[in-house]
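See the structures that follow.
Common to both upcoming complexes is subunit A, partnered first by subunit B, then by subunit C.
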Partner chain A sequence: MKIEAIIYNIPYISISMLIPVIFSLLIAFTKEAYTKHLALISVSANFLLSLYMAILFDTSNSQSLYFYESYTIIDELNISLTLGLDGLSMLMFLLTTLVSLVAVVWSLRDKQINLRLKEYYIAFLLTESFLIGVFASWDLIAFYVFYELTLVPMFFVIGIWGYKLRLYSAYKFFIYIFVSSLFLLAGIVSTASQHYKKFGEFSFNYFDLLNNEYSLPFEIFLFFLFFIAFAVKTPIVPFHTWLPDAHGEAPTAGSVVLAAILLKMGTYALLRFNIGLLPEASKFLFPYLAILGIISIAYASWMTIVQKNIKRFVAYSSVSHMGFVVASMFFLNKIGFKASVIEMFAHGLTSASLFMIAGFVYNRLHTFNMDNLKGSVKFMPLFAIIVAITGFASMGLPGGSSFWGKFLTLMSAREHGMELAIGVLVGGFFSAVYVLYMLKTLFLDVKEESVLIHFKDIRGAKLLAFIGVIIPIFMVGFLPFIFFGFYERFLDFFTSNILNR
Partner chain B sequence: MEVLVLLAPLLSFIVIGLLGSKIGDRTSGIIATLSAFLSFILTLLIIPQALKQPIHITLYNFLPLENYNLSLGLYYDPLSSITTAVVTFVAGVIFLYSLGYMEHYFGKWTFKFYAYLSLFLFAMLLILLSDNLIGIFFGWEGVGVASYLLIGYFHDKKFATDASFEAFVVNRIGDWLFIFGIISTFLIFGTLTIPELFEKVDEVSKTSLALATLLLFGGAVGKSGQLPLHTWLPNAMAGPTPVSALLHAATMVAAGVYMVSRLYPLFENAPDTLKVVAVVGGLTSFFAALVATAQYDIKKIIAFSTMSQLGYMFLALGMGDMVGAMFHLTTHAFFKALLFLAAGSVIVAFHHHLQDIRYMGGLRKYMPFTYAGFMVGALALSGIFPFAGFFSKDRIIGSVLEESVFWGIVGLGGSFLTAYYIFREGFMVFHGEERFRGEYGEVHEVGRVMVIPMVVLGVLSVVFGFVGGWYSGVMGDVRHVHLSVAVGSVVVGLLGIGVAYGVFVKRVLSPESLYESLKPVHALFQSQFFTEFFYHKILARGYFNLSRASYLIGDRKIIDGSINLFSFGYLRVVRVLWKLLDIKAIDLFINWLAMFILSTGRRVSFIQTGLINNYIFFLLLGIVLILGIMLYGLNKVKGQG
Partner chain C sequence: MGIERLVGAVEIGKLSSVLPELIIFTLAFILFALDLFLKPSQKKAILPPLTAGGYIIALLSFPLVETGINFGGTYVVDKLSLIIKVFAILIALTVLAFSRIYFSERKSFYGEYYYIITFTLLGAMILASSYNLIVVYVALELVSVGFYILTALLRGSFISKEGAFKYLIFGGISIALASYGAVFMYIYSGSVDLREILTHKGEDLHYLILGLVFFMIGFAAKVGAVPFHFWLPDAYEGAPTPVTAFMASVGKMAFFIPVIRVMPYISETFHLPWVLTVGAIAGITMLYGNVVALVQKNIKRLLSYSSVAHSGYFLAGIASASLIGVKAVVYFLIVYAIISAGAFLTVAYLEKNKDWSNRIQEFSGLRFNFPYLAFGFMVLLLAMLGVPPTVGFVGKALVFTSLSFSSLWVVILIMIIATGISTGYYLRLIVLMYMKDREKTISVENKSIYEVISLILLSASAVLLGVLPSIVWRFISESGDILFKGLK
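After this line comes the complex of A and B, so read on.
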């Protein structure tokens, strides 16, 4: 299958991938005093560049590859670095640059980060670069390389700047994802060799692989090879237990990037590769996978409400949100895909904000224990407003970012029938309960008001970081057509030409 | 102008929210009040136009959905514009009252309170005026958020935060049903715009419509506190009294009734749903009236009365009398607000310390205006001629009796209980001996800013009933009530009042001995037939315990356990292999190899003669050997090629 590639004179994607790398080098070779400034310049420049690219992007043609670039790596095996952004990638790309900006702005004043500043910011810049690579690559080997590379800086971020159990968590995180990725590699090589069988040449290019044909059992086997890797990354119950540990111990900005973007790699890849490359298997497995998604929603909601550690609490809530993304994706209709993508974006915003809330409260009270956090936002009115907005948005109230995702998920489930819709309904109800419980905990009184009353309200860099996610939260809530516009055409193309080819 | 009705409270919310700490609490309150009255006046200006021809404005499009544009728009027809006028007026009056009520709390960031109130009003107006169901849902959830913030306003009290938590959770159940209903409606009709729904209503299949309307009604049950989603409503009394008044008179709970009325053509085409509506409404009206007779909290009695009256409204809706239900909603807004404001005045008189009517009594001589206000409200609630409640309630009972004798009798029984419990409260608070001592300071009448709203509402509670004919005419459903029904219901009401008077003022029967003899019944009523206990202790706590158990078993034991077991087992196997292979096999082999090399080295060391020609000989031998192998290999390759 061939697709229109729109090439610009300037290699925008390469530039946006190189900016963080170049600045990392600069940080490495200059004085530590300049580190923060350089990091900030890098992420801001990248964010502005991504906005400019979003303006260049023609939303009425979003199934085409914009900013197309291709560099051959190994000619014999047809391995190349093919970069390009369609509607879906564009949205993820915007999310990546935005959240990286927020994470760096937050880190500027994070007291937790007081040693090895250079390495810390280099880790974040490299993560940003690799993530852009993940979302923009159209060659499966390049995708795999970037996908694995994102692990490395995150491993160090958790392991060095984390909290008490950081080493255990870092290893658990690494091993879980590394082992599961081996299945992914096997899957990629199998699809490529299937291409060789049929066309007599190897290819790892996504659009070449779309032409592959498989027998159904083999396709299902391949589906599971891909699925295991992405299910661990997403994560889907029962592959989720690495997430609370990783989040519980990661520094705030690490959690932000982890929850907001790294998890999206899993769902993005599920949509792009599992459903895109293996549509017949997806259709065959649709009811089971949709039910697995619904189970994720409900199960993780149950788990959430009993967590004592607020970061683990937010981590479990992420699992529940990703359940919505997975369930709606595997309803395999256009509304479902729509819901899935907007929910990915929305969860990126709310989870970032929730983790920053946890980090902020930790800075004040030096604990993550929910029992000790009762009423902690009481004397910080501005912060309390932020908590309320984030909580309600994450609950799926209209006007917040998650509403459209949940609304459309329910709608796509209803298209399949009552049973699935009721499942989503029940899961959705439980996912509202835990947010309310958290809000109640944070706003409830404590006996020692004397401790709380000295707290300074939020301001400065941290406030800016919050504003960076809260404005988009409201934008998704009230101006959803901007975001849906990015991938409306892409989904038309995807459902008609890829899913039902 | 049409948009400004909606924007006035929103602007007031934003201004107060941003500048509240600078402009002070009183100014914030005044801004909120003025914005409500501004909305009211603008609505009055719009009403004449709207009565002639419905006004439909589209503001902007949210997103295209299949073949339909999800948009935000306003729709003024007789129903929405008149209800808007009532809501904004009652809200304005309550805001004015709250200036006096909250004075006690000025200086403690009370501007927040007025910001929330404005948000509340804005969300309610969104429900009333939206031209499509998504708009209504935005308002629906906005009301939920605002009520959550307001019920939990005294967030240093645990019961207040618990109540707000409960209110939102229970409402979420209704909300999910509601949004599910919206989606079902959309899938049936392909549109969500209300006028378009009405046009297409005859074309769609009745069974799917029945399901959709039932789900929509599920939303109304949650919002209006009907059985079985009712426990949050009385607990919502934890908020400040103006909030209770607002919640119960004009905004939150009225939203459910209004929504059903708004979509009434849909419900009319789903007779099965209407039956459910009627049964839920009728049961709730009687249930709540029974429960109200056994309460002691000055506000809770009125709260259960709201629940009961909303039950009447749903009963009327179920019996096909939409206009009667909406008219009762309107008159109810006035007298219920009045009752709450009077109760609030009593609470203010006790400096926010006392709410239990058993410790009040004899307040009549201290608080004449409040007493008069309460009594007018109570008479209107009991449906005594010529108060407003008489006209609306009689119309409902008349319509219900026409349809079904059973529910008509239930309704009349409810009226008797209504008159009884509200006068029980009135007599216990304002008549009889003074059961309080001076521990709360001197009790006296409240200030003017609180009296004026009560007077205004009192006058309306008396005269508004006479507007009934005009109202029915505008809404297009005039019904005449039989004299026998009117007389019957007044008599029943008077009987209820008489019983209360006999027991609590004349003490023909001693209330204490009655209490002793009816203790189990009393306990049953007071605990709301144990529904609250069941929800709180069994469902909610059970949920927490189940979560905890499944976390410990599912996540900790099964998933993490199997992973740990796997890694542990892996390590064990690797260790065994290491011992077997590395240490035994390979190391032995290497050792053997080393020994072998050593020994051969010793044996072959005779070659190392030190003579150069020997070395060259060996070198040549080696080169010939290597070249030979290479040549052989090359031939092999060539042979193949």
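After this line comes the complex of A and C, so read on.
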């Protein structure tokens, strides 16, 4: 089967990448009074554009490359900026524009963000642009460039507008991901050199590299070069230690973008590159990696339960969810991939919502400590509903977004054997425990002083931000076929490609 | 060799291929003469614009240059030498923009400065285009002697003298070693042309090996490879900062070119020993440079050690002994010249403030004092770190490609570790500038538009050549091909 590139007259992806860049320039050179408006216009425009592109996207043909564009960078080495969206990228692209919109809407009324507004919004807009680049690039060097570039604005977001330990966390975030991605760079150039040895020319194009053949030991070596980078980014236990710090100390909108999209870069790349480019090594290593994923689920769930800081609590819960994504992916069957992708999307929504809950609570109580948060939602009925919906959706209750991911993960594990399925089930059990624990703390525990405090309920921009993620949460829960439709054909193609090579 | 032959070697028609060198050479002598006869106040007014004008004329003469081999094979004008010369003159121009105010603020205006830096530039240009041992030796001396004097230019300063003294002794030893090696190579082959020496099929191979080892040690000292690097941080710290910028950019570029030129030939005969020794030196150099840079308190020393570490990266590309390795190193050298010149010139700009003492801590909150300068400096630091889409990333990615092409996995691993270590100090500067409050309000009087323009150009090209590397890549690619084609 050959991948077909569908070219439109209008370079949609470039436009969606350039909108944030142009608006950042506008923000940089206009008065600070206009900053928020400009940022809001930029992300809204991009979201609408992405919806329009989703309509143009023909779901019955989702293995083809839509909106294909290609610009040469270095001719001799076949490095080019090749952009295109297939079913998987399309979904991630939608998630990116949606979450960027939510993050900016949230920031409009965030009390934490009162200094250096221009730089703050520029950082978010640039992150959006780079993330689109990550999900739409089909050239490995271009992918790497965008993958690394997302680091820089996030480094500033954590370091400047973060909470108490912000500098420590910013350093840790940058160094972990930068150093691990150097291994990725080594892996990328090694695949290109391998292409030279077989075909007589360098190439960094994904489709050229698909033709590469390696000896199994070398393929496993390459697999690990790629895997180190993505395992740190995802993160998979034991490479997760940067995450609670970075997510815990970042400002709310920063955590939202970090958890909802930046982590998806790791899992997206694992699926696209590790499994797609190196299928033999994946088949060889799959039991270990699937078990690593299951360990991630269980370990991170335990770690979540003992956290006292609600942001670190949410951060660890992300690690556990990513465990589901990685485990289901490395079951290497179609249901597993299906589960993995829908879980990526679902986690993007629930984690965004959870971090906004943490941010909102901090706004009212000025603390992240779980002990001080007891019963804090009592006087905020609307907010309480949001917390309940998010919590149950994240737990995997039917009707919520995470249900399909967890359910399908179980199914795909069952294809390999009952033992793995039980492993997933136990992990899933723990992940339900921590959500229940959080809900209990916020709803049922009683703290005497809290009776005296009259909080204002959620309203305005922040409510809108929550609605922006809760509608998709229910959409994934009740209408999953819309989202499955985006990548169903792609998965048929992808799975047959891997299993029959 | 009779005098007729010597004269006959200079065909007038071919002088056009050394036109830029001739212009620079004439300019140096005019400056020398003017320095003798002008009054100090006239010198200040005339010498800087005259020098800059001469450089620009030299730049404009490049389209007239014919490529080819000249002067009886002693002087090679190929794509590699041309691109190096163009960038050397461009960077010299940016350095020149800083010189006038820098020296007049220190009450030490010297007319000598202009002709010495011009002669040094001439030496670098000659060094970039010869295979002939004698020519290489003369050019090496021309560059080095110029650097010794320039380093010691701040007459009252102790560290300036100390740095120059160390540089003089180390540089003298290294040149002595290189010429000693050249003697052995001559004994082996009876020729002073490196191409002939290395393709010569002689009996006494040990003479060649001995000669090459000495010759390479000489160059290792010049480029600051560990363990021959001891002079480098002291000289770079002691020298007036614009001079440091010149040494770290044009000097480094020029000293590496002869090594790049011999690499295809050596790797043919001594492939394994070459890969092993150069790879080992590269590994040690980048680890040592980065680790020591981590603990520096002075920004100039920090950047010097980062320069040592970069020598390690270049050597790693050279160790790969492959065509892609040559192209990678040439690209990386040119772009490193740009970013290191930019970084040192930023320091030179800040040094105009009276309270500035080059401590790292003084960078705290620089963003609030100089928003644009801090942004430019951040771009340059990210380029040194190798964050895309800056030039440093493209350079490192190309070196990685060449290493993986030659399957030097150990060197790749060391380079990853070394780059990881370097994250520590580059990031600290960025954190200080952007995330800490300022210690004090710093301002700079006596700004000049040329300084601003040259800083903008350097920072912008650090990004531009990374996003669109094909601007220079075409020339580099051709020059690399030619180096290897000479072999066949």
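In this text, the second predicted complex is superposed on the first by the 488 of 501 C-alpha atoms of A that agree within 3 Å, B and C clash if a C-alpha of one lies under 4 Å from a C-alpha of the other, contacts with A are read in each partner's own complex, and residues count from 1 in each chain.
Quick note on the criterion: contacts are C-beta pairs under 8 Å (C-beta built on N, C-alpha and C of every residue); 3 or more make two chains touch, one makes a residue touch a chain.
Everything numeric here is computed off the predicted structure, so don't read it as measured data.
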{"item": "Subunit B versus subunit C as contact partner of A:Y34, first or second or both or neither", "value": "neither"}
{"item": "Which of subunit B and subunit C A:L397 touches, first, second, both or neither", "value": "first"}
{"item": "First (subunit B), second (subunit C), both or neither touched by A:F199", "value": "neither"}
{"item": "Touched partner set for A:A432, first subunit B, second subunit C, both or neither", "value": "first"}
{"item": "Which of subunit B and subunit C A:I305 touches, first, second, both or neither", "value": "first"}
{"item": "Residues of subunit A that touch subunit B when the two form their complex", "value": "238, 240-241, 299, 302-303, 305-307, 335, 375, 378, 381, 388, 392, 397-399, 404, 407, 410-411, 414-415, 421, 425, 428-429, 432-433, 436-437, 440, 443-445, 480-481, 484, 488"}
{"item": "Residue numbers on subunit B that touch subunit A, as the complex places them", "value": "61-66, 109, 112, 134, 137-138, 141-142, 144-145, 148-149, 152, 155-158, 161-162, 164-165, 168-169, 172-173, 176-177, 179-180, 183-184, 186-187, 543-544, 546-548, 550-551, 554-555, 558-560, 563"}
{"item": "Touch list for subunit A against partner subunit C, complex", "value": "72-77, 141, 144-145, 148-149, 151-152, 156, 159-160, 166-167, 170-171, 174-175, 178-179, 182-183, 185-186, 189-190, 192-193, 196, 202"}
{"item": "Subunit C residues touching subunit A - in the complex, by the definition given at the top", "value": "324, 382, 385, 387-389, 393, 396-397, 400-401, 404-405, 412, 416, 419-420, 423-424, 427, 431, 434-435, 468-470, 473, 477"}
